[in-house]
Amino acid sequence: MSKEHTEKRIVYSPEGDPIEVNPLQDYFCEDLPEVHKASSIAILENFRNWARSRSLWVLGFGTGCGAIEMRPLMTPKFDAYRYGIQWRPTPRQADVFVVSGYLSVKTLKRVIRTYEQMQGPKYVMALGSCTINGGMYWDSYNTINRLDYYLPVDVYVAGCMPRPEALLAGFDQLKKIIREGRGEGYNKYAEEFAWYKANQKKIIKDWDMPDYNW
Amino acid sequence: MKEIIDRLQELYPIGDFKQQNKSLALITVDKDKAVDFITRLKNEEGFLHLSIITAVDWLEKNKFQLSYLINNPTTKNSFVVRVMIDRENAEMFSIHHLWEQAATYQRELKEMFGIDFPGSPGVDKPFILEGWHEIPPYRRDFDTKNYSEETYFPREGRTKNVPAEYMKQKLYPDE
Amino acid sequence: MVDPIYIVAVLLGISFSLGFIGKKSENIAGILSLLALGFTTLVSAQWFYNFVTADIETYHIFTTAFKPPFSINLMMGKEEALFTMMINAIGLFGGLYMFDRLKAAGKNSFIALLMLIMGLNVVVMTRDLFNLFVFLEISSIAVAGLIVLTQNTKSISAGFKFMIATGIISGLLLLGIAFIYNYAGSLNIDHILTQNLEAAKGLSIAIFFLMIAIVLEMKPFPANGWGLDVYSSAESGVSSLLSSAYATATVFVLMKLLPFAPENLQFLIAAIGIITFVFSNLMGMRQDNPNRMLGYSSISQIGLLAAVIGISSVIGEYTYFIVISILISHFLAKSGLFWIAGIVKQESIKNWSVLRSNKLLLVLFGVFIFALTGLPPFPGFFGKWELVMHLAETKNFIWIFAVLIGSFFEVVYMFRWLGYAVKNDIIIETKLKAKIHQIIPLLLFAAAAFGAGYYVSSEHPYASLINYLPLAVALGFAFIEFLPVFIKNTLAIAAMAAYFYFNYESYNELQVIFAAIFIIGGILTLIAGYAYKGKRQGFYPFALMMFAGLIGLVEATTTLEFFFAWELMTIGSYFLILRGKKSIKHALSYILFSIGGAYLILAGFGLAAIGKPDISIGILSNIELYAPWIFGLLAIGFMTKTASIGLHIWLPGAHAEAEADVSPMVSAILLKAGVFGLIMLFLAMGEQFIGNISFAYILSWVGVITALMGNMMAAFQEDAKRLLAYSSIGALGYVLFGLSLMSHLGWLTAISFSVTHFMFKALLFLAIGGVVWRLKTKDMYKMGGLIKKMPFSFISVLIGIIVLAGVPPLTGFAGKWLFFQAVVEKQWFLQGAVLFFSGIIAFLYCFRLIHSIFLGQPKDEHRNVKEAPFWILVPQYAILMVIMLFSMLPNSLLKPIGDMLMPYFPDGAITWDGQMATTALGYWNGKTVMFIVVGVFAIVFGWLVFMNRNAKKVKQFNIGYAAERPFLPETTHYAFNFFAPYKKAIGFLVAPGITNFWHRVDEGAHSVSDKFTKIYNGNAQSYLIHIVAFILVIYLISFGGF
Amino acid sequence: MQNIGIEQISLAVGFILLLIGIWGMLSQKNILKIIVSFTIFETGLNVILVVIGYIRNKTAPILDTTELQTNTAEKIVDPIPQALVLTSIVIGLGVTALLLVYALKMHKEKKSLLINDYKDTKW
Amino acid sequence: MDPLIKQILFALLTIFIVLNYGLIVQGIVRKIGARVGRRYGIPFYQPYIDIIKNYSKRTRISHGIMYYIAPVFRLTGGIGLLLFIPVIFGNNMFQNFSFSGDLLLILYFQFFGVLGMALGAAESGHPNSAIGVSRGLSQVTAYELPLTLGVLSLAVQYNTLNVSEIVAAQQGGILNWSFFTNPLASIALLLAFLAAMGRSPFDVVLAPQEIPIGPPTEFHSGFLGVLQLNRAIFPIAKLILFMNLLFGGATNWGELIIKTFFIYMWSVFVGVAFPRFRVDQSVRWYLGVPLIIGVAAVVVSKFF
């Protein structure tokens, strides 16, 4: 969209009084994320982690060519449902964000926004060499080289592209991480928010959203 | 194809006719006559369809080559009309009045090569890049590797291998 | 007492002596003439006063030593006194009104005026035929002299046409008189009448000429082009003289000479009159020039009088009452209107918005329009009532139809005119200034209109029973218009509260319920009026007039009182509706449907009174003749007010454009008047049948379709108030259906739903009105997210729609539950299912209403809007309390209504056990439902709060938007064409078929009107041909055995 | 046909004049001719009026000779119609004068005496 | 024990049973759906895990007060509906609170939660929520018509609107069920039932692909957990109602579970076999064949 919608503008109230609208401030919550401590009751937290690991709701957002590799997971051949993995169409209800392949700067902006809109605890699984070190786009003018500078990645699945089996293995790894209580990527993101944001803002030049997208 | 060119030869200075294959011919036209020529092809020779406008950066010759691929849907023939323009302050006449979709190609060329098409609708609006401030990235004098290394936090330890050799070494290390 | 001959003497003397006055002394001439006219007015007034009070004997004036028939004699009776008084008064006040015009034209114009009045006086008083002719000629010459007061092509050629036409007519008159003399040997009217002339051969042709000349003087359709041209081109004051004085005199001549005519000729005259009435009014509809329009109206009114006089043998002794009351209305109103037209001086009625610059003139204008169209409390109302009653009594149904349709046409153009004056957008900068000598006659005539109304009603045996107190209070508010809103509002509320407090004990249960809806509801909505600043002129008199009408309906014991109140309510509400923005069209269609409906009611009452000794409401319950007709007429009449399908098109616009507190008044309260009428009708008449089909069955389908269509159309509205207006249509469909069930449960549903509908619709209209007040737009898609700005309004709307949708546990469910019990009991399942369907459709618009306005994305413009005004919230929360009470304790509402219905429908009542209602089919306990729902809600809420105690508050664009971000609230708020798929599926059902139908009726009437007016092509010879052809046709009809 | 006397002839003449007047008013386009037709119409009317009072073989009701002063009623025609005619003529004069004034004024306005030119007010 | 307290305890017991049954049957139905697609499918207890997971989310956001309490409306609607339906025939305690109202109360109370939820969804400000509600309401109007006609037909047949009495009238053998005694009404009701359950082909309200799951698109964490509880209870309440109306009710929990399961299967079978309707299509469809059947049912039961 063009810039004019993010700049300040004047509208007039029904009585004709001018009202200044600052889109970024007025439309979006400006607060920054907070760290949410795990429950101090170990058994409760373990139980919760177990439930989290058995119910992984994946955000269906095809970011790169890996998107095509995710579809077979739903088919009878791989049937990821049996592990409690389901696809959700909205970030609000999803737990796992599968970044499925290369990320251009433009896509990264959407990925960050979507990630921030998910509710914690939330996990990021990055697919393919493109997200690890740029892959075949390592010297591209417009594709990021490594995702972990911008988002806290829990699991990398290597390959170009990784096959669905590899994805399943990745999910298995993610479950293990969650069950061990290490799936606190979103807390890390909150803790090192400034660093992440600086990295993000370094490459996303027209930053037209608040620092944290609630 | 040849006949058309022979017929038009007198009217337009057409150089470098090259019959690529049965239904595709490449020709070069002067910048000033290009729009006129394309208009004629469209209006009188039945080349009704503009397939693409693209550009090649001849850095050494200090030229941009614009290629208009136009197609005659009845005879299934296509021309690539090539126009050489100066690289400095690159500018070309817009043909959006002939084909509306040309405006989109021209917008892309403006963004990626910096070739201006005065009068083309929305030509100055960003097309796919958001917030690009460097020189246009498709120009050959833009060092994309350097840019990427400076910008995108390259991961250390990345090595490059020739796939055939690497796999051979990996799979059959003894040979 | 002064001898009436002095009237003639003084007028003649002064006009002769004016000739001796010097050329420059017009002032003296004018004052002298006015003094003379004042004197004559006093003389005739004195005579009239004595006739009324002292019942003195008729006085004869003999001009010579011979007694009649050998000499000319004049007579002064009660009628003569009245008519001469009217003529002299119009002479006096018309002269006063035109004083500077006459003065400018020279003293001869005063002479012309005096001669005209003198001539007409003699015309009224004389008993000699030739004398009559002479003075008619003198009058018409005087008129011709006055016409050229305005010297332009139009008026001069009009005057020429007038002279030629009256020349021919008077020639005929003279011919008739000559032949009468030939056969009767006398010129004295009384003498001729006393002779037995039946045998005299050839006399009938003489009488024919005489009568046809008199009829032609009354300008019958179509031989009246000459008169119209004079009306439209002459000076307004002259037109008023022509219309009021000249026509009054001709009416009297017709009355005087009528005994000459054999019965069939009398009927022919009546037929000519009624045709003139209908067609002139029809043609009046397309007029744009006010004077010409008034001309058509004058002609039509005189036609009506001719008709009434013509059938006086049928009507009997009441002819006099009818003629006088209609004539006085016409006389006062028409002169007033002509005078105002003379002050306004606009060629097109569309430009009459200029009248708004002078409030006094505007008020007077309204008074005259109402007086003219026969609305209460003016004398024409009683005349029309009595006329219809007598026509019905003698079973002249076609006449009733003609009278009502003609009156209706008149209402069309008069109210269009009024609407333009009060509300048209055309702004004309000039400020109207009326001179004092122009205002005085207007004021006096307006006052006289009220006075005459009161006098006429006091003469009438039933009209004298009407309770004028509420109306007087309402009119009283017109005199305190200068006070600020706060005081007036308080006074209005106090007046209504006091009235209810002192009277409610005398009501029966049904009356109490409706009086409560009308008055308590009225008070609640009036409270919202405190939110207005300034004076709010023109609101309180009409609001109170509407409430006066409503309370009059409840209190009515006779059909006349009922009809009086009905019309009163219509007038009041018409002005309330007219106050809104862009209301001009809607107010017109409202008044047209209302008056149309009122005429049906009038006809129904007329039929009902056949063969009955009195006109009490009770006569409806024992009707032998025409019962289905009466029922149908009354039901359709009442259904115009309940806006049943087919008659609903006035409602949406009228309610939507009204002000914040007027919408609930007209929607929540006024519609109940129709319901009350229907209830009264059903109670009195029970079930009626056409063939084998019960009316109730037909009405049930009408109700069902109304509910379905109303609700469905509501779902597709973009305008919030329009949505609610359509919803009212739907809700009234429910009520109609409930009533048509004719069972205890059905009626319980209908009446309790009326109460509930009052509550939630007042609530919603007030809340939405408050929102519109702040946002200054009614389009829902322009709103959004207002819950944070207007939480109190939101709660009102939320509760309102829950009640509307009938979702338990709130009281709206009571209506749905009862209704279903009633349907199953009656076994009208198809209607029941459709009605249920429409109830579900109510969800659609309920949701749309609350979503588009209060939820979703707030708009930037509305960031600083405040909560709706406090005083608009107060009545809402008062209603909310009552809703909650009724929800918790449903029997506090339902049981009294049920008890009230016991005498009428003893079977199938609900049995109550605490709050537990049980019918033959099912049961329902409002209290436990409430407790359970609240209990579960509280527990779940507690659980949710426990789970989500630290939820992060976010702002409007923090939504998962497919990885993008919204940019503008306008493009993110999904509100426009909200039910697009639904429209795609069944939108064809709500194609505006009915609206188109009425539009076609409207256009048809206007094009017919247009066609007919084309006969008046402006050519004097065409007019002469009309006259000659008219004479021939009438001759052939009366003698040729046509 | 011995009944046909002066009164019948006069009556017929009167009616014929009347009809001619009406015909003239309806057919003539010139305003002056219309007015002339109107006077013809009036004349016819007056003739009829006189005829009505006429009784054959009786004299005018002017009592100038002495013989008329006895049994007057048997010797004179009905005087009333004659009186009426006088009044009627006077009125006719007034009307005609007024019509002519109108014609004058109309001519001043439009410089035309054709009745068809004066159709400003219609419908 | 105070009878009121006893009643409340039994009500809680009913809720507990129905909740668990609802969750399990949800899992089983999804498993069946998977098996139809030749997948292995989720474990039958997956719905439990999902609910626990949603409750154990650590962050949540709120769009406003209506948004906040919408799930409460929804669950109150579900539980209330369940409590107003007599569950086990012949057992006084498991009649729950059905003494508060008859069939009409039940029919109208279903909208309580729907309306509340719609309001909350609308307050989230998400256009997809509003679109979903628009579709949902449109569809509701359509299928309510055959539903009403069917219910009316039954009301005529049994001359009562009391659910318990309707159940009582069907006792004494399979052939006494309304399903057999009033087949037309049953067909109308069962066709309406398809959309009432919101499964394919009438699941355009949620439409995950176009308007990501429609009205609840912004609900998450604990809010979603509450909604999921309702999604377990509400369909079962409807199933019990249909069982009571058409299939003779249940005299014990076992019978209830078997009968409701098979009724549920009807919508599952249709759902796995047919693709989704657009809203206007489903509206028109319901105003076609099912409506005619409904009218026929009423006419037949009124005149025969």
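Each chain gets a letter, A, B, C, D and E, in the order it is written, and its residues are counted from 1.
What we mean here is this: a contact is a pair of C-beta atoms (placed from the backbone, for glycine too) under 8 Å apart; a residue touches a chain by one contact, two chains touch by 3 or more.
What you see is a predicted model; the values in this text were computed from it and never measured.
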Chain-touch separation of chain D and chain E, in steps, is 2
Neighbouring chains shared between chain C and chain E, ordered by label | A
Using the touch definition from the top, list the chains contacting both chain B and chain C.
-> A
Top-ranked pair of chains - ranking by C-beta pairs in contact | C-E
Of the chains shown, whose Cα mean is nearest the mean of all protein Cα atoms?
-> C
What chain lies farthest away from chain D once each centre is taken as the mean of the Cα atoms?
-> A
Cα centre of chain A to Cα centre of chain D, whole Å, reads 112
Chain B and chain E, separation of their C-alpha mean positions in angstrom = 60
Centre-of-Cα separation between chain D and chain B, whole angstrom | 107
Approximate Å spacing (C-alpha centroids) for the pair chain A, chain B = 36
Going by the touch rule set out above, which residues of chain B reach two or more other chains?
-> none
Contacts with two or more other chains, residues of chain E listed in rising order = 59-61, 212, 217-218, 221
Can you list every touching chain pair?
-> A-B, A-C, A-E, C-D, C-E
What part of chain A is in contact with chain C in the complex they form?
-> 1, 5-6, 11-15, 17, 19, 21, 23, 26-29, 31, 61, 90-92, 110-111, 113-114, 117, 208-209, 213-214
Provide the residue numbers of chain E that touch chain A in the complex, in ascending order.
-> 34, 37-43, 46, 49-50, 52-53, 56-61, 208-209, 212-213, 217-221, 224
In their shared complex, chain C is touched by residues of chain E numbered 55, 59-66, 68-69, 71-73, 75-76, 79-80, 83-84, 97, 99-105, 108-109, 111-112, 115, 118-119, 122-127, 130-131, 133-135, 137-138, 140-142, 144-145, 148-149, 152-153, 155-156, 159-162, 212, 217-218, 221-223, 225-226, 278-281, 283-284, 287, 294-295, 298, 302
Over in the complex, which chain B residues touch chain A? Could you list them?
-> 125, 128-134, 137, 142, 144-145, 147-149, 151-155, 158
Can you list the residues on chain C that touch chain E in the complex?
-> 785, 787-788, 798, 802, 805-808, 813, 816-817, 820-821, 823-824, 827, 829-830, 832-833, 836-837, 840-841, 843-844, 846-847, 850-851, 855-857, 921-925, 928-929, 932-933, 936-937, 940-941, 943-944, 947-948, 950-954, 956-962, 972-975, 978-982, 984-986
